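Here is the structure we will look at, set down as structure tokens.
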Amino acid sequence: MASVPNLVASFDPATSPDLVKRAELSEIDASTKIPALFFLGSAVLWLLVGTAFALISSFKLHTPNFLGDTEWLTFGRTRTAHLNAVIYGWSVNAAFAVAFWLMARLSRSVLRHSGLLMIAGAFWNIGVTIGIIGILAGDSTSIEWLEMPLYATPLLFVAYALIGAWALITFRFGKSGHIYVSQWYLLAALFWFPWLYSIAQIMLLFQPARGTVQALVNWWFAHNVLGLWFTPIGLAAVYYFLPKVLGKPIHSYYLSILGFWSLALFYNWAGVHHLIGGPVPAWVLSAGIAASFMMAIPVIVTGINHHMTMVGSFSALKYSPTLRFIVFGAVSYTLTSLIGSLMADRQVSEVVHFTHFTVAHAHQGMYAFFTMVMFGSIYYILPRILLKEWPSAMLISVHFWTVAVGITVYVVGLSICGIKQGLEMNNADIPFLSTTVPSVVTNTIPYLLSRSLSGVLMTIGHLAFAVNFTWMLLRPRAPQGTTPTLFQNPPEMEVAR
Amino acid sequence: MSAVDPQDKNPKIEQAGASDESIQQVHSILLREKPEPEESHSPMPLFLLGFISAMVLMVAIYFVHNSGGLSQSFSFKQAAMVYDERFDPKNAPAANAEVKLDPLVLGKKNYASVCAACHQPNGAGVPGVYPPLAKSDWANGSEELIIRILLHGLTGPIKVAGADFNSTMPTIGPGGYNFSDEKIAAVLTYIRQEWGNNAPAITTEKVTEIRTKTAVGRATAWTSAELEAIR
Amino acid sequence: MNRAPLIFLGIFFTLAFSWTGIILTNQLTYGKLEPIVDQTENKSYPEALPGLAAQGKLVYQDLGCIYCHSQQVRRPGFGADDKRGWGDRQSVPRDYIREGRVLLGTMRTGPDLRNIGARQASRDWHMLHLYNPQITSKGTIMAPFPFLFETHKIVGQPSPKAIKLPAPYTAASGYEVVPTPRAESLVAYLQSLKDTYAYPETHNVFVEPAAPTKAEGKK
């Protein structure tokens, strides 16, 4: 990864445009340091909290008496606390950090008014904390993805307003004429999210719509948080780090445009596929299913774009942690989206709806895609803002392998479980619950156990990550001339030594 | 850092902070980075055009065939009341069409929806709590007694198949689950023919007869003592 | 930078388009559905929740029951909802118009509860099931809710509300297990869940076109 000629050239006081650009980037990175650390540190803490609730919930599903006497830890609450901690705690904090680091770099503008961001971050995290405590205390709204009680959500609004204002200012001051593809995705995400959240809050909590119009609002909102907030930020990160780490351009600008606009058009409509078979007009379900099928277009287009960029450089996966996590994420994105399009088909939905297959799919999207991309991004960003290297390649390796194997076992296990569960549920000859003959519920238990096992693996990975992260924060600043923490040393490195 | 005209591409002007000192201090991390990402302009593969056209066609056909009446009526208001995507207004069934069902099928359906929760899908009941129906002396016995149990419920101690029970069975007939006479006859017939039971079927007319006979003055659940007196 | 206004317009339009198509059209077409008054029974359907049941719905929400139980019956022929006794007909939007919060749910770790009041009316069964689901449903993975009940020493006469626990779950000698008001209201809510009325729109279903008779069939 170290390029020997540049190292030598750096000691030449005569400025070259390339060097000036790098100095500029260095300034930009330095300006993002405090806010990025705040959001990333919060993100890692929420990751650990969310993982703890995940383990508790997973154990409870096959061992229901586990912590069964404690009201605030009842499954309905721990599962909800897990979701909100990993979505609004870990994922959003990581998304904010990565988004504004990317925005600053790509608009080639130093991050101004970082105080704004810090206040926003404080409001956000206080809001989420109060929200989750409220959920555990029994104040959940029971609206999926919107469970935090009304006394917590205004804090989130304030936080977002500040971040939105900041984003506009930064973009306005940007110097680059050409808007790179990642920036379209980031701008879109930053615009879409507050509208989704506000409309959902108004039409579900402040002025609830009548009857199942609520369900339409709920799933338009929840699916779009995935598709119009997390997916664009994840893709923005892939579109930046993939070419950056490889030193190659993205394969096709035209594919980028097509991918972006088809995603914007179709993803918006797909959310109602969560209601197939349900008490809503059949035409709107068919429209959502049609849009879900059409999602194959942006997914395949983006997949081609990423793949053609990678072609010829797959060996770099041996060395770069960032690349490994990012590529794992990008491949998972393609896979999970195509499976999602399949799931929208009515005949398929008839089997997998209401089953653990949906849970597997949700984790494939939020974890195997989004979280892995965030991990990769953090592995790249942190050395540049702290001006230190990751302390332990071994911990990165442990992190990668435990979570990669963990999420694979998770998704495969629960997918098989869900298909079996759905087929059996649709066969009235198989009892729903029985201890004497095979039943729908008892047949799921071995897979629920495998999910707990995968959860333990992923917890180990998260702990390795958190330890490495903290160690890096605390270790002394590196002197000039450091080497990157890689899985292995690529051949050029050995020459440089 | 002061604002710069975004169109200004000259890197030498207004790189405030990018002085000679800071350039020399650019950390090696920044130095080893590859340049910022760019987009190449490879053309779109041709097959994509075909793929996208095929998708649009397939999806349009799907929507028209599953529009729940929308593509026939073009009225969102009408389509808002249709929840079956295959619905075709031309073939709509009559508003109150009744379908005649085989009594055993009807009985099995009603058993599963109401009785199985306590008496279990296999008719074995729950020991000490709910009596069994499989191979049960009561279920296979006098129709006079079991029809009464379903019409008005049963409470208090009762001995079934040699075991003691003391619970409350709700009213399945009018005033409780509101089963019609036909449904009561069907579910009792099903119970008497299932799990190795082999007792005569029960007719709707018999249920009606007993219901009218007990209609006056019977407000509470039966006890097994009262039923034994009738036996 | 000159592209930015165009991108913004596109981003705004795509969101507005989906909100209009999915939410606004449905709000305009069925967002003001009214209950039906049945002339013969002289009642309006769907019925409003009785007071205790309305409180019980809040308990249902605070304990997170929707994360394992759905409340929507699919049509006969799509899945086996009707064959499992979960409902005679597909749930329709009018079933939910009186609900302040619609709790359709998306998981069936446990059975659908839309008509649980019709298929399991027994208060005793629900109390036992909530106190320790293993009593009524051996082998279940449903969480126990002992904190909805109070175990206390019997003072004077045993309470008529105490639940009758079978062995080996019986309370210690001299103790009884009594449901708290939360348990009473939750059970009242569960008992209220039944969608039995056949609204006109429940007949908007697909019917196989009749096969042509021999006389008509030839062409």
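All chains are identified by letter, namely A, B and C, in their written order; residue positions are counted from 1 within each chain.
The rule is simple: a residue touches a chain if its C-beta (ideal position, glycine included) is under 8 Å from a C-beta of that chain, and two chains touch if they have at least 3 such contacts.
The shown structure was predicted, so the numbers you read here are calculated from the model rather than taken from an experiment.
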Quiz item: If you average the Cα atoms per chain, which one ends up farthest from chain C?
Solution: A
Quiz item: B-C versus A-B: which has more C-beta pairs touching?
Solution: A-B
Quiz item: If you average the CA atoms of chain A and of chain B, how far apart do the two points sit, in angstrom?
Solution: 33
Self-check item: Whole-Å gap separating chain B and chain C, where each centre is the average of the chain's CA atoms
Solution: 9
Practice problem: Among the residues of chain C, pick out those that touch two or more other chains and give their numbers. | Solution: 1, 25-26, 29-30, 75, 83-84, 90, 92-93
Quiz item: What residues in chain A touch two or more of the other chains?
Solution: 174, 177, 279-281, 287, 346, 428, 434
Self-check item: Two or more partner chains touched - positions in chain B
Solution: 6, 69, 76, 79-84, 87, 112
Practice problem: Spell out the residues on chain A that touch chain B in their complex, using ranges where they run on. | Solution: 1-3, 6-7, 10-11, 13, 15, 17-27, 29, 105-106, 110, 112, 173-177, 180-182, 239-240, 242-247, 249-256, 258, 279-283, 285-287, 289-290, 293-294, 296-297, 300-301, 304, 308, 346, 383-384, 387, 389, 428, 431, 434, 436, 480-482, 484
Self-check item: Contact footprint of chain A on chain B as seen in their complex
Solution: 1, 3-4, 6-9, 11-12, 15, 17-18, 20, 22-24, 26-45, 48, 51-52, 55-56, 58-60, 62-63, 66-70, 76, 79-85, 87, 112, 121-122
Quiz prompt | Parts of chain C lying in touch with chain B, wherever the complex brings them together | solution = 1, 25-26, 28-30, 75, 82-86, 90, 92-93, 115, 118-122, 124-125, 136, 164, 166-167, 200-201, 203-207, 209
Quiz prompt | Interfacial residue positions of chain A with respect to chain C in the complex | solution = 60-62, 64-65, 68-71, 74-77, 79-80, 138-144, 171, 174, 177, 179, 184, 187-188, 191-192, 195-196, 199, 203, 208-217, 220, 224, 228, 261, 264-265, 268-269, 271-272, 274-275, 277-281, 284, 287-288, 346, 350, 353-356, 358-359, 425-428, 432-435, 439, 441-442, 444-445, 448
Practice problem: Would you mind writing out the residues of chain C in touch with chain A in their complex? | Solution: 1-4, 7-8, 10-12, 14-15, 17-19, 21-23, 25-27, 29-33, 60-68, 70, 72, 74-75, 78-80, 83-84, 90-97, 99-104, 106-111, 133, 137-147
